[in-house]
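The structures considered in this document are given below.
Two complexes follow with subunit A in common, the first pairing it with subunit B and the second with subunit C.
This part shows the complex of A and B:
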């Protein structure tokens, strides 16, 4: 078989993320997918299959959302929906299909159009989710992790603020980011409280956007470009919707991240993550989420996430560049698009094409995508430019 | 690589389909999945990954719908949503993953809980679908195919009724069918009109249910049972949500079925379908749909679907046994479950375990699953017991 490590990304595309009131789902998919195809130097007719991640039900129910946008008729297109991991799961299934050698050239993409849906956007995200159905929203659910972390490790609201400051610093120079501005520690600390301790600037925005990646095997990739990137490690894990009802849940770690990372590191042969991973697009839906995630990913010891961030260890020139794109916090978070947008950023970084936000000499990059309240589903994909 | 033809089904399970008011999503998934695991003689801990097809947004948003039901935590679980093909697309992605040799033992399942959702059930199916959003329901959309077919080929309402009579005859002896009764030609002809020409007995019911399949490679399957079945052909196609707005659409064929069947037959090496396929679970959401599909699948000439059905060519002992289970029409149609339920039936038939409805000597069986108004997405999977 084609080993999963032989699966290659040869093109990526993304729209600007933000309140894209002028653009519909079709517009954004068209922009992202054609940018990816142009980047890969392929034509739509070469695509043999597609995968599309969408979370919100009003955005699209089937693969035809993609075929109607980019006119790739008659090929199989799978629509994946897996909370905030919808996009990275589309990418994963596309990679498995390429590894099976059933398809030589495929597209994985994600899209979400949320801002102009009025009240339908976030409330409908609760359908079928027992915790959210009972009234716990995303900021309040993730915010609950703070007091326990603070008690156990002395994490402060200022530590959280450092995450926002870092990610806005990175995203401010990113032309496709939802927000293109820096924020100060004081601004984050004094922002209106959304759900204590999380203030407005601790929360990622509600964004529209789309991203896409062209996937093939390494032996084919060589014909298209020298600087293709390949899969080094991949791990996904699904836990439970009821985690926050579990009397043993201690709020100190998201188990899906831990399990997904274990698998991805094992496949990649990585035993010392902070010294072997150059950069990570890490799921920072809220500042506290990034703190727990960098610990769960092994980039620092459990409990050190706050101080390590404050010390600059996750800056672009730090030990691991965490969210060089600006992350969900600053780049934006159109649910189904986010996982593929992470692949976009990691690929650009590994190709040395991340203008203004480049991690110098990057060889190994990670996409880490977490979904569901408190972390129900997680995907970790590690890419490399080493041949 | 493991060829897709080396992918094997070693266990299947299904709930009774119907108005399962006493059962929730978890109950039905548990019943179907554990029946499949018992059939395969495996334990839940052996499952390395899962795929679950669900269409309705209130039923579940992620793979955790499956992990919470059967307690298979920490493994990757993909949720697919692709109109009525949601279930067969889950099966397809599971097969591709097994063919990639990334996983040795996986589960594909589908579930839907519609009957007790009140008005949320069918109206929400229209989200994102431009035709249905403008008021065209499923019976009216599919019913539109009749006048054109009647004009071109002389198809009559009585021809349609023969589909219902045949499928109810088959399903009447099926202990898991939604309806367990035969209907007469007169009953079908005189049933109240839902959307002309389709009467109540031309339409599949709204059902709850779940189905599951355990998938592995043939070399592993041998250790579990001698009568495992393998993939012989597979083809999927996605067309457009706008087909019914297309001025060139002639209502005489569903293009996704034609394209998916072409691919599946090519892979299977089948050139004379009616003489090489013993049985087919064929998407009969409405009687007219089966008429067009048996033509599109090449089981008879275009236009002959009505007379061929009336002549008994698609009876269990006919040229091709079409819907020996009773089909969507009689067995029921819980959207996300249906595609996997087709795999359940075809597997049972190929194992000679379809009590009372057995196609004698069956060696090659097909699951054909069509989704979206007028046929937007289609999957064809051909299984065989020939080693």
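This part shows the complex of A and C:
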């Protein structure tokens, strides 16, 4: 059996993210998957297995959502659902299958079609208990971290705003981003309030999109391209849907981020993250989410997420480039697609193909994907171009 | 004979100045305010509040629950059983629903005393609640208010003994609703009060007093429910009562007419100020009429303090517009969310949803909610007991959310550490938005969450502690 470190990404594809009213699930999946296959220089007939991340039943059920799009009949295709980590979990399962040598050439992809269901927040009807958790929304679930974090560390609304300013700056030059404009600190601070401290510009938009990656082993990858990237570290962790009832949960850190990062760093042999990770696509569904995440990932001290962001330490030319793509802040969060979209960006960065937003000299990049109403589940994938 | 063991009341937190109604329509306005049930309140939730005030959340020894209202939330299906389940009464308790007539609360009280006297029940908690809807621009709109009252009827340790009951009826079309109608129809109110209500109730009281063998002057307080302020005064006149202090406040000034709940609310008000030996006469009705004579005992001095009428009257928030009132009366369509529910799941979870049971881990003593088989703290499997959670605690975290559909955003979401253990997530109600502070004391209140599945889905919410209360005796 091969090692997970022998798994390589040889092609990536992604649609434009946004209010893709003209495109259905099938359109977007096809565009992302064929772009990835063209990038890898392979034909659909070479695919031996597939994994597809989808969160919402209204987007699609089962692996047939993928086979119906790209007509890869007769191969095993698995639908992964794991909240906002659905796409990155599709990627993880694809990597494990390749590492096991069961398959040589597989596809991991994700898609979500949110805008068909209305545009006000993510649909949450039917989530959880009929009455006990009623009223909880995505921004309030994450926003609940703010009062506790502010009390413990003095984090302010302005700290949050710096996350939005940074990510919009990066996303403004990204042709596939939903939002492609810079915003000022003042605009973020003055935007209408959505939930607690989170204004409109502290929240990622409601967007559609799809992304795909072609995965093989490094020894095979060489036949397709020289600049393939390989897995350096991987860690996933699931906590609970019921964190708001858990007396042991303090809202100062996203527990699954901490646990997933520990595992990924251990596998990658990374002991000094801010100096060993060049860039990270870091889950920023809301600005407060990124503040806790950069601390939980060890990019700065616990409690320093706000000031460190404000100081520019996570700018594209900072100590760690956090969300060089523009992040969820600019791409929105078509749930099933997001994790694979992060792999797309990290791969492009490590290949030096991130036009206009390139982190110079990037060798190690991270995809960090957090999901659930609050931090329920997390995946961390560390990729490298070092052979 | 049976007696009153305890009393309770509930008045919603929201009020509307009558002048805001008058100004909106350009019509004459009466002084004072009416009490207004919030979006998440109905007769069941208010009945629960008054009953909780009455028994102070202790169901021990309560043998039954009678619920009276002309505005019960179900046309078919018991409301009494919802209230009984929330109060955690045993499954053997007698339950019954009384409705249709404004006299239904006193009918329930008399039925309860007969059940106790006959030995059929050790005690019966009678709770009456009303959440009426008046036709906009009518006099009724400025008259009616929302509220609830409750009495525990039993034997021994009575704070007031029942000394006599009297019933009568008169058949006439005063006010009515046809099945499925939300708004009350009425005939000529001048005819109804002059030829129906006033002579009917005054006659009933006179007959009752004569049959009880007490001298009218010996009655300390007359708690006479009436459809409006004017007819209440006219009843006093018809009875020849010169001293206005003898007439128990009918609560029209700052609460409004509470329909079927009014007799029990007035009784609660009378008992708040009563002294041992006082004779209180309670009367009410519309087409059916009931009169009950009570004599206060010295046990009233030992009754634990409770909010009652005075306490709930003291804490309030005034709506700043007539539109906000109409929205709460469901008279203007507001944004709502599609909600999902399951009658079977709500039945399976009834113990955690209604009386609010969590679990206590027998291994590590952690109290937790929602109930699960494995302890979230020490992860022991099936090592737990059912544990009723306290209905008050300390606010640990909160956020005001504008995203969730809500007729009046924001939705305040709270995480509370309950006294005695258990951390719980709930919406907060009856608060000024933006005034929550971590560490503040909160209490729980039973409310409507949504109408998913085509039925009323109730659960608990937090609210800032309603200031107010009184010392008895």
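Annotations
By our rule, the second predicted complex is superposed on the first by the 373 of 387 C-alpha atoms of A that agree within 3 Å, B and C clash if a C-alpha of one lies under 4 Å from a C-alpha of the other, contacts with A are read in each partner's own complex, and residues count from 1 in each chain.
The criterion applied here is as follows: a contact is a pair of C-beta atoms (placed from the backbone, for glycine too) under 8 Å apart; a residue touches a chain by one contact, two chains touch by 3 or more.
Only a predicted model underlies this, so the values are computations on that prediction, with no experimental measurement involved.
Shared-chain residue A:377: touches subunit B; no touch with subunit C.
Legend: residue contacts after superposition of the two complexes on their common chain; A:81 is shown touching subunit B, with no touch to subunit C.
By the document's definition of touching, of the two partners only subunit C reaches A:245; subunit B does not. Greater residue coverage of subunit A by touch, when subunit B is weighed against subunit C, goes to B. In the superposition on chain A, contact of A:140 is made with subunit C only, not with subunit B.
Residue overlap on subunit A between its contacts with subunit B in one complex and with subunit C in the other: 125, 129, 240, 242.
Residue ranges on subunit B touching subunit A, taken from their complex, read 1-2, 4, 50, 55, 57-68, 72-83, 85, 89, 92-93, 96-97, 99-102, 124-125, 127-129, 235-242, 255-256, 259, 371-372, 376-377, 379. Within the complex, the subunit C residues that touch subunit A are 337-342, 345-346, 349, 352-353, 366, 368-370, 376-377, 397-404, 410-411, 413, 415, 417, 423-425, 427, 438, 449-450, 452-453, 457-459.
The touching residues of subunit A, when paired with subunit C in their complex, are 120-121, 125-126, 129-140, 143-144, 146-148, 151, 192-196, 240, 242, 244-248, 251.
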